[in-house]
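Letters are used for the chains, namely A, B, C and D, taken in the order the chains are written, and counting of residues starts over at 1 for each.
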Amino acid sequence: MSGNTFGTLFAVTNFGESHGPAIGCVIDGCPPGMALAETDIQPDLDRRRPGTSRYVTQRQEADRVEILSGVYEGQTTGTPIALLIRNTDQRSKDYAEIAQTFRPGHADYTYLQKYGVRDPRGGGRASARLTAPMVAAGAVAKKWLAQKYGMVFRGCMQQIGDIAIPFESWEHVGHNPFFAPVADVSQLESYMDSLRKAGDSCGARIRVMASNVPVGLGEPLFDRLDADIAWAMMGINAVKGVEIGAGFASVAQRGTTHGDSPTPRGFQTNNAGGVLGGISTGQDLEVSIAVKPTSSILSPRETINLQGEPTQVVTKGRHDPCVGIRATPIAEAMLALVVIEHALRQRAQNADVVSPVKAIPGSVR
Amino acid sequence: MSGNTFGTLFAVTNFGESHGPAIGCVIDGCPPGMALAETDIQPDLDRRRPGTSRYVTQRQEADRVEILSGVYEGQTTGTPIALLIRNTDQRSKDYAEIAQTFRPGHADYTYLQKYGVRDPRGGGRASARLTAPMVAAGAVAKKWLAQKYGMVFRGCMQQIGDIAIPFESWEHVGHNPFFAPVADVSQLESYMDSLRKAGDSCGARIRVMASNVPVGLGEPLFDRLDADIAWAMMGINAVKGVEIGAGFASVAQRGTTHGDSPTPRGFQTNNAGGVLGGISTGQDLEVSIAVKPTSSILSPRETINLQGEPTQVVTKGRHDPCVGIRATPIAEAMLALVVIEHALRQRAQNADVVSPVKAIPGSVR
Amino acid sequence: MSGNTFGTLFAVTNFGESHGPAIGCVIDGCPPGMALAETDIQPDLDRRRPGTSRYVTQRQEADRVEILSGVYEGQTTGTPIALLIRNTDQRSKDYAEIAQTFRPGHADYTYLQKYGVRDPRGGGRASARLTAPMVAAGAVAKKWLAQKYGMVFRGCMQQIGDIAIPFESWEHVGHNPFFAPVADVSQLESYMDSLRKAGDSCGARIRVMASNVPVGLGEPLFDRLDADIAWAMMGINAVKGVEIGAGFASVAQRGTTHGDSPTPRGFQTNNAGGVLGGISTGQDLEVSIAVKPTSSILSPRETINLQGEPTQVVTKGRHDPCVGIRATPIAEAMLALVVIEHALRQRAQNADVVSPVKAIPGSVR
Amino acid sequence: MSGNTFGTLFAVTNFGESHGPAIGCVIDGCPPGMALAETDIQPDLDRRRPGTSRYVTQRQEADRVEILSGVYEGQTTGTPIALLIRNTDQRSKDYAEIAQTFRPGHADYTYLQKYGVRDPRGGGRASARLTAPMVAAGAVAKKWLAQKYGMVFRGCMQQIGDIAIPFESWEHVGHNPFFAPVADVSQLESYMDSLRKAGDSCGARIRVMASNVPVGLGEPLFDRLDADIAWAMMGINAVKGVEIGAGFASVAQRGTTHGDSPTPRGFQTNNAGGVLGGISTGQDLEVSIAVKPTSSILSPRETINLQGEPTQVVTKGRHDPCVGIRATPIAEAMLALVVIEHALRQRAQNADVVSPVKAIPGSVR
């Protein structure tokens, strides 16, 4: 509960700072007997890592992962899997000036008040860099869920700043630097270029989903599947809002339209986003998140210094103009980590359950 | 972790079903030496209880709470506080027909698939009635937080169905059955009346906030204050979306406007909603939630029966036409439970911390 | 973690005080679909309850248990099972004098220093009466383990004060008030009678075991099956020592004799007590515990009063002259609670494991 | 709860295998602002490490610890402290033969049945080598507890095989390879030499204690200080018994002698071992543990192979003839980890408590 462990049965303990010697995590509870190597993890790390296009931070980190334990002769043993990523491209001198002020929108002030001390280099522990170990752990979870249930996790960009992005096809997501589900991203490119010229940043809305989810995952009353998803998503840096299924649109819906009618051929709609009463229906899990604009911007901002005096701050260094862009693989990983936790929990209590009724099509036990 | 305990240091374990003999909870970890009696808890239960206006369910439950333990000579002893509420107005026969079908938008199908068995009477464990013990536990938390920090928790209605409700004053909230912060609720009354005549239901948007929050509450990386709030809110029945501060509006914001500049007189704005890097800033916590339309409606809905055959279902019984109306005291309670958990956690690790800088006004340590 | 919940997947939250209105517990995580009624629980409560012979306390408590939730039409539903036992025979006036001193061997001083307040009536929360809800919860666990694995839990008295009790047969245990595995308990009767006349008390050594334990239960490194057993046993009031298998006798053993050799017909010995590397071997779990002499005795003891001045204290009221006597059903219950926790945990992580080798006879998967 | 994390507020997550690339741990929840460097940790690791005398295993491991995170400019930051120890002296080929049989007294069989796969090199995860990260974490805990409360942790050997060791002085413990509190260890030397010649091993009894423990640490009912100590001690490899205070001797004690009378000058005795009702009294914590004889011995043992056929096994490789010898610093570390957990927990709930009575001398709040 000390804040740096995610999950209970599939527990991921995260460590490290943006500019310390290394970051990483320990995965405890992974089922044994699954083939696992660094090559299973690296592709997702590469999707998240910085420096891959001119629309993200130019920090160059290879983000090479090393498996330190928990794998023997290429198989998971059921014991803790420690993953290590060495930091290689720190430029801590960028942060000398910043250490004297509180950057608006950053955790500088809250860390200092909470702990009495803070590591100012690249945001220290508050850096989005700490999502890398979660992406690595998520890759392990995804592999197991794919093998066990055929589950698939996908995410895409829905909106960047003012620009809503229509959904054309999942095919496009891997072929542009924005994780956008559209063929033509020229509008996004020029938007981002103008933003960078203005020394400003913008927010983003991300959609993330899971398919082939077995029915029955989730717990009443508090560890509901949707509540744990909300917890996981709001735990990603810069996220300010989470929706499941119809989300805020359900406020203006009527009961006659919101409820998803089951039929012999499946549910007619998915306003529930795949969760009823905190438990998966077997439909796709549908999640949407709001990512705030990057707080590290070149435009000067009003603030105060450590002495409480008014001053201005400009955040140089290397930063994402839209931190939401790299959030897509992160959100996928977090969703996978929630689902594997509940998949293990479900069989702990309910392995012997034989349902008295048939599953609704699209809803597999 | 088995799904029915909320919190770790201030742990509330909830039990009961809508139509069983009793509901209640056990609060473990309450600080000792606080005066506590049933009269501290009953007022919040009364704000939530059914049957108080024609706009909510007509089930008559006194919701009388009995303290079974943890209080000696009127003071908390630091040992578990068990709270018991007997159910008195069950009409289980209303549910005989319902037990044969899956009501759209209800947890009937998911409970049956998960457990192989379900209690169909009033939704059983999935009923919103189980929020009553949380309101009771929240009242205990609120009292301690008020005495210790002067904290105040408030909530109000922001939107019912299509009708957005402007914020006039907190004064009005207690004087109408909708928890609306406006003097004139005639529009809401006629809207709800027409909805009831149509045998339909609608969603709601609720705002909930906390004032006088000490700076420094919350944990990196996962047990962030905002993540735990999202978890708590999404754990309330029928909630489909959660926002902190600017929430989804932050998607279209620029970095130059979103970041809340600190000044010697306090923060200029509160887009953060009182949380930066997962840790409280000392500003008001600002939360907004989306509540879906009630699934129990008189209009006939398409569904299937236990044999998988198409049929129709009408939910008679006594139900809220807008389950969001009674969600306001519930959301307040859940927020208080999150905050007390973090208040205790904060002093566990950081009781010795002396901040090297002054607190920003409006941000008390 | 707040100290009053036992277990994580099969979590039992205990509440109440010796002389409050009620004691009880909430069991969260019980598998669904098991037949359960009060009659499954009452027999174990009756084995533990006071007033059944002249060798135990004369307090008259029927210890009638009421199931408040989690059971529908006679079957567990998978949701929390709340168990309530009303206290009926309080004589709180016995404790007025005691509230002014610290009784040697009691928790009076530690509770007062920890919480600043204490309930002095019958030891309040520190009373062994609070083991009753654990015996009730243990009965639920035993039933499931018996149905699922054919497990059997048994305990007996090994020593009372100076008198070692040879093991004759499990048959005798239920036929004398000492849980002694011997036919003739006349020596124990006269020993206990003389002790009572002397106004004194004595300790006891209890053996508790489980048969038909599946191989593979327990976790490295910390939540070892034997570590969790030690935790459970030392959590019983008055217990000061715990042994698994050979226990302290293993200090003087050689490696050539201690290690239990597996053979095609089973293990040759059971010095391990059924646990190797923290994981069950499939042999019987063998546990032995030391229970200290009752601290509430009629003989006057030196102590201090609340003002720190020397004084004497005599504990009147109704007390067990050997609190170890009623510890046998308690220890069985605690062992069952540990085992069910690990049984659920085992299938969470390892439900898919197919062992590459045959089980050793007497060791079932 | 997945078995490899120790503690909740001061949570230590352990990873690694005996012959994998590295072992280590992540400490989450350490209070901030404490000076910390590798030099604070290395001395305790050196006390535990192999190869330091001819009475312990000859495996040469420098056990150099590297701090990967959680420390900035020489101070703890309150964020996770990751500690890494690279394995350097693996001889995995020693284990090819062993992989085909089940060594008596080892976890070979239980790991294989639990996980379906095991790492046979040096015992893999079941190796006592995994106590090294706990010793490292314990050094961090000890430092904080020493600075905050002046606490001191000490351990010594009480018995090796048949030889009881009288207590002369703590002074001697650091000056012989047996952690024996006596000046002359020649008898122990010749005993161990003869044991090695016989290809056999023996058990040990270790005493471990803590001084200057504040009164009030520990929780009713289950997370009692003594219960958590028992859990921690039984979690050390090869431990088969745990006693607190008088331990098993309390069985034959009378109530008139066992109870420790408080006086204006302190408690008269310490049969309680520093814990009453699960809560520290402020007296020394006194713990004694039984360590079984090393299972890895040169003498041939009867066993079966993976095919279930009878065979013999001889454990070559490099092993401790009395694994208990190196258990002393391990037990100290585990005790310190339990105490810091409860010290943090205590102030979470009870930071505001003002005791209505004076502390008994020797018992500090």
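Keep in mind that, in the parts below, contacts are C-beta pairs under 8 Å (C-beta built on N, C-alpha and C of every residue); 3 or more make two chains touch, one makes a residue touch a chain.
Note that the structure is predicted; figures quoted are calculated from it, not measured.
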Starting at chain B, how many touch steps does it take at minimum to reach chain D? 1
What chain is the most remote from chain B, judged by the mean position of CA atoms in each chain? D
Rounded to a whole Å, what is the gap between the Cα centroids of chain A and chain C? 45
Just give me the whole-number Å value for how far the CA centre of chain A lies from that of chain D. 38
Where chain A and chain B are represented by their mean Cα positions, the distance between them in whole Å: 26
Which parts of chain A, given as residue numbers and ranges, touch two or more other chains? 1-5, 8-9, 14, 29, 32-33, 78-79, 114-117, 125, 220, 345, 349-350, 353
If you look only at chain D, which of its residues touch chain B in the complex? 1, 8-9, 29-33, 78-79, 148, 220, 344-345, 347-353
Which positions of chain A touch chain D when the two form their complex? 1-5, 8-11, 13-17, 20-24, 26, 28-29, 32-33, 66, 68-70, 72, 75, 77-82, 84, 114-119, 124-125
Which of the residues in chain C come into contact with chain D in the complex? 1-6, 8-9, 14, 102-107, 109-117, 125-126, 130, 159, 161-162, 200-205, 215-216, 218-224, 226-235, 237, 240-256, 258-264, 268, 271-273, 275-282, 290-297, 299, 301-304, 306-310, 345-346, 349-350, 353-360, 363, 365
